Amino acid sequence: MSEEVVVSSEEPRRRSWRERWYEVIFEADTPAGKLFDVVLLIAILLSVLVVTLESVASIRDRYDTWLVRAEWFFTILFTLEYAARVVCAPRPWRYVVSFFGVVDLLAILPTYLVALPIFEAGPAQRLSVIRSLRLLRAFRVLKLAHMLSEADALRHAIWLARAKIAVFISFVVISVVIVASAMHLVEGGRIDADGQPVATGFDSIPEAMYWAVVTMTTVGYGDVSPATPLGKALAACMMILGYSMIIVPTGIVTAELSKEGKPGKPVSTQVCPGCMAEGHDVDARFCKYCGHAL
Amino acid sequence: MSEEVVVSSEEPRRRSWRERWYEVIFEADTPAGKLFDVVLLIAILLSVLVVTLESVASIRDRYDTWLVRAEWFFTILFTLEYAARVVCAPRPWRYVVSFFGVVDLLAILPTYLVALPIFEAGPAQRLSVIRSLRLLRAFRVLKLAHMLSEADALRHAIWLARAKIAVFISFVVISVVIVASAMHLVEGGRIDADGQPVATGFDSIPEAMYWAVVTMTTVGYGDVSPATPLGKALAACMMILGYSMIIVPTGIVTAELSKEGKPGKPVSTQVCPGCMAEGHDVDARFCKYCGHAL
Amino acid sequence: MSEEVVVSSEEPRRRSWRERWYEVIFEADTPAGKLFDVVLLIAILLSVLVVTLESVASIRDRYDTWLVRAEWFFTILFTLEYAARVVCAPRPWRYVVSFFGVVDLLAILPTYLVALPIFEAGPAQRLSVIRSLRLLRAFRVLKLAHMLSEADALRHAIWLARAKIAVFISFVVISVVIVASAMHLVEGGRIDADGQPVATGFDSIPEAMYWAVVTMTTVGYGDVSPATPLGKALAACMMILGYSMIIVPTGIVTAELSKEGKPGKPVSTQVCPGCMAEGHDVDARFCKYCGHAL
Amino acid sequence: MSEEVVVSSEEPRRRSWRERWYEVIFEADTPAGKLFDVVLLIAILLSVLVVTLESVASIRDRYDTWLVRAEWFFTILFTLEYAARVVCAPRPWRYVVSFFGVVDLLAILPTYLVALPIFEAGPAQRLSVIRSLRLLRAFRVLKLAHMLSEADALRHAIWLARAKIAVFISFVVISVVIVASAMHLVEGGRIDADGQPVATGFDSIPEAMYWAVVTMTTVGYGDVSPATPLGKALAACMMILGYSMIIVPTGIVTAELSKEGKPGKPVSTQVCPGCMAEGHDVDARFCKYCGHAL
């Protein structure tokens, strides 16, 4: 992939090949680095597409040979990329144990493991679990993020709002525990006409918590829903409350972001020596009221 | 439609009929142009209503004759409109290959095609597909947009927020891929008591992706839902995360729009006669860069 | 209701009883008017509760006598209120044909009509339809709105945002028409193994529109959901787009409300005669820069 | 729990042990108080986990002994905590009747009650109801809130927005009553081919209200959904309206929070020596009301 990349002529020649490769592989601000990222991104997307298609039984049966070939092509490609990253990184071990380092390794290992004789002899079930590890490759799509400069704003906003989001999630979790307990009491342990217990989906608190999350986030599958009048009334109250509550964190985050992004025009603390007027812009060199030099 | 429109007397007489028609048909800032747009809008809505009613079996069986007549009436009307647009446009070809040009053509063609003897002889199936092309007429309702001046604000806002929305959609898509892979691993490939595979809706990654989209957007049909405790727990985590995340893009877009619409301190259009600098406050009497009187 | 209300002593005595009653019945800024409103509100809520309870078969069977008595009590009470309103209103006819005038009348008529011999002789079905008209009384709960001063802010905000909401609804409706047409083409007209048509919920465009609304608003009942891979893919795209789009109108309305509610401090257009400085507050009487009288 | 906590040496020694304990148990601004809170929080979370696990039949059957032991451990721990709180509180009665006082008591009572001989002799049903009271312990998780300083912002925001949220909830409730009445009329009382009434989920207004809440909050289980064309059309209109309406309260709350956090023009705390007027701009040098130098 990266072998044919030529460093632009402005680069001073005294830098080692390792430093130059590092720039191409790990950074994205040179033309070569950008090209590398785009090619890698396309390869990741295609490899995820291959794994996705392979999971469809009818496609796997028909295009098995092609899928296996594509799989090996991408595995070798990503192995080369992995080797290059390890070689170029100033502290290779730090890359290997980083999140993307582990994901990169787990994304290529399964193809090799499955090809080993000891695994081929094993039961099909174990084989399948190992193969499915390749799906971790999907996480590598996250590398796409650093290519979109706009994603920085989103990431920054999430970072600014992290405490608010954490509190909001805590609030949701606490509500879920309380509501689930109440619904378990009201709806759980129902008995049918023959005295047999009826499965209601509220028979244990964890089950009721699943229902509470599905309801509070307004997903509402309907695989579990209250059946008694009291349960329905309780659920309705909770829905209205939960629905109204989403308004508040939205408002807080928006207000914080507005404050952050828009300090109006920054105002200098300087006072005009001529007329003592304040409120001058930071870039002002003369008083805008009397024309005196600041 | 447009034949009886009389150009207002203030119009200078030296303009050609083509220019005058162009104004009526393509623009909306003269009374005649507005009338043309309103009449056309009503015709489009009625024609969409006719196609909609025709798709209901019981109504089609009963009012077939009237629907066919209405269909021909609108087809001829829109054919005249199409011809008028082609004739009046300064560069007809550009109109023909534009989005609305293609839609306008596809909206009238099916009625003529179905009436041709070669298609009547063909199988009913093929006939039905061609007839259904008329449904593309629904896209013409989009012409309604340029009549609502308020729609500009919405369109402008979407345009401003396009990068943010793109990043948000990318984020949703990446999450969908990762979550779908995880759920495919956890929920897919279940086997019932007899050793037969059970259809779970998570049997391939594309199926799991459909579920993930339905869940992350909080639609939650319930046609596919997790059945194992681990799957339910994973789904619940994803719901809470997805639900909390909607807050952030809302905040970003709102903050951006607030910044846009409310520029803090109004800035004068004055240019300093001394240094040609711009961007002075409205209340500035002296250039804040060179001290020259404004 | 209003008979025992005593007008406060500060009121000039020359006003007619009709004017004084008008103030009590139609306005809410005197103690008597407020009391009247509160009593009326409680009566409306109780009467709605009675109709609600009467709709439950088990309760109706058991407490029929009490419900009928309560029904007559509220009917006579509201009849007196209706009569008082007609008598006191300066232009009675205008009240009678107003929205609340019609609702007030329709809320009391059914009880009298059902008691008439000619209706009792009629079939039970017709009786039931007339009785159900009493449910219109629920609309009277809207009178609650003018008691909550905070509701004004909400109403004002909705009024300010009405054009934006209209455009947003138009956008949703147009999307619904187009998406419904597409899904009708993709999912409709399916045939099972025996060549029999299968009911899919997409068999006519109106049916598909119902599905589209249920999906775009993220309600997602699941009574109708796509079954073919292409239909699922289309539905998933539409969900993501629809979900992302809700962000934009939220941002617009919020930005508009922020602008509206917070113009900082209003700034006068006055210029100081002493120093010609602008930007004085509306309530300023002296220039804040040179102390000259404005 | 708190016995081994050592008060920091800066504390003046004249304070009684009760005051020092009060600080540890009820407050969180000393290291000892913080430690007490963290230990208590972990104990509450673990005890909730125990009750949660006990509600799962398969786990209860298997680990019954351990769960009972854990239950007794936490009950004794919380009994000690309750006793300490009663002893240390300056006005014990006020704590006992406070919300958390009642919850704390109800969280420990059931374990003792169930162990009493008179209850063991009673029917299993009654035993189960008493045991389930322990679930109230879940409410104690709310104590977690005062440990997260960020939760104050959320609580403050909810407090600021309480009137708006109340109006919004009132609006939702009124809409629910009206829509439920309408849907009861349209969908209720259906009769099948044999003249038998069909259960539709709209057979009484309370049932229809449950449906209306599930729909307006976009939860949409699908356990109840309209079946007639008119009902579907009505439901679709209501969904679009309800979906559009969520925009407005979001905007109001956000605007209010933005106003709160970002006070526009800063106002000086200076008082005019001439006229005692307040509210001068930070950059004002002369009183804008009387012209006196500030």
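Chains: A, B, C and D, in written order; residue numbering restarts at 1 for each.
The rule is simple: a contact is a pair of C-beta atoms (placed from the backbone, for glycine too) under 8 Å apart; a residue touches a chain by one contact, two chains touch by 3 or more.
It should be emphasised that the depicted structure is a prediction, and the values quoted were computed from it without experimental measurement.
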| item | value |
| --- | --- |
| Remotest chain, subunit D as reference, centres from CA atoms | B |
| Between B-D and A-D, the pair joined by more C-beta contacts | A-D |
| For subunit A paired with subunit D, centre-to-centre distance based on mean C-alpha positions, whole Å | 30 |
| Centroid spacing, where centroids are CA-atom means, of subunit B and subunit D in whole angstrom | 41 |
| Set of subunit D residues in contact with two or more other chains | 168, 206, 209, 218-222, 249-250, 254, 256, 258, 283, 285 |
| Topology of the chain contact graph, where touching chains are joined (line, ring, star, complete, other) | complete |
| For the subunit A and subunit D complex, residues of the former touching the latter | 163-164, 166-168, 170-171, 174, 177-178, 181-182, 184-185, 188-189, 203-206, 209, 215, 218-222, 225, 229, 232-233, 235-236, 239-245, 247-252, 254-256, 258-259, 276-279 |
| Contacting residues of subunit C [partner subunit A, same complex] | 218-222, 250, 254, 258, 275, 277, 289 |
| Subunit D-facing residues of subunit C, complex | 48, 51-52, 55-57, 128, 132, 135-136, 138-139, 141-142, 144-145, 148, 150-151, 153-154, 157-158, 161, 165, 168-169, 172-173, 206, 209-210, 213-214, 216-223, 246, 249-250, 253-254, 256-258, 260-262, 264-265, 280-281, 283-293 |
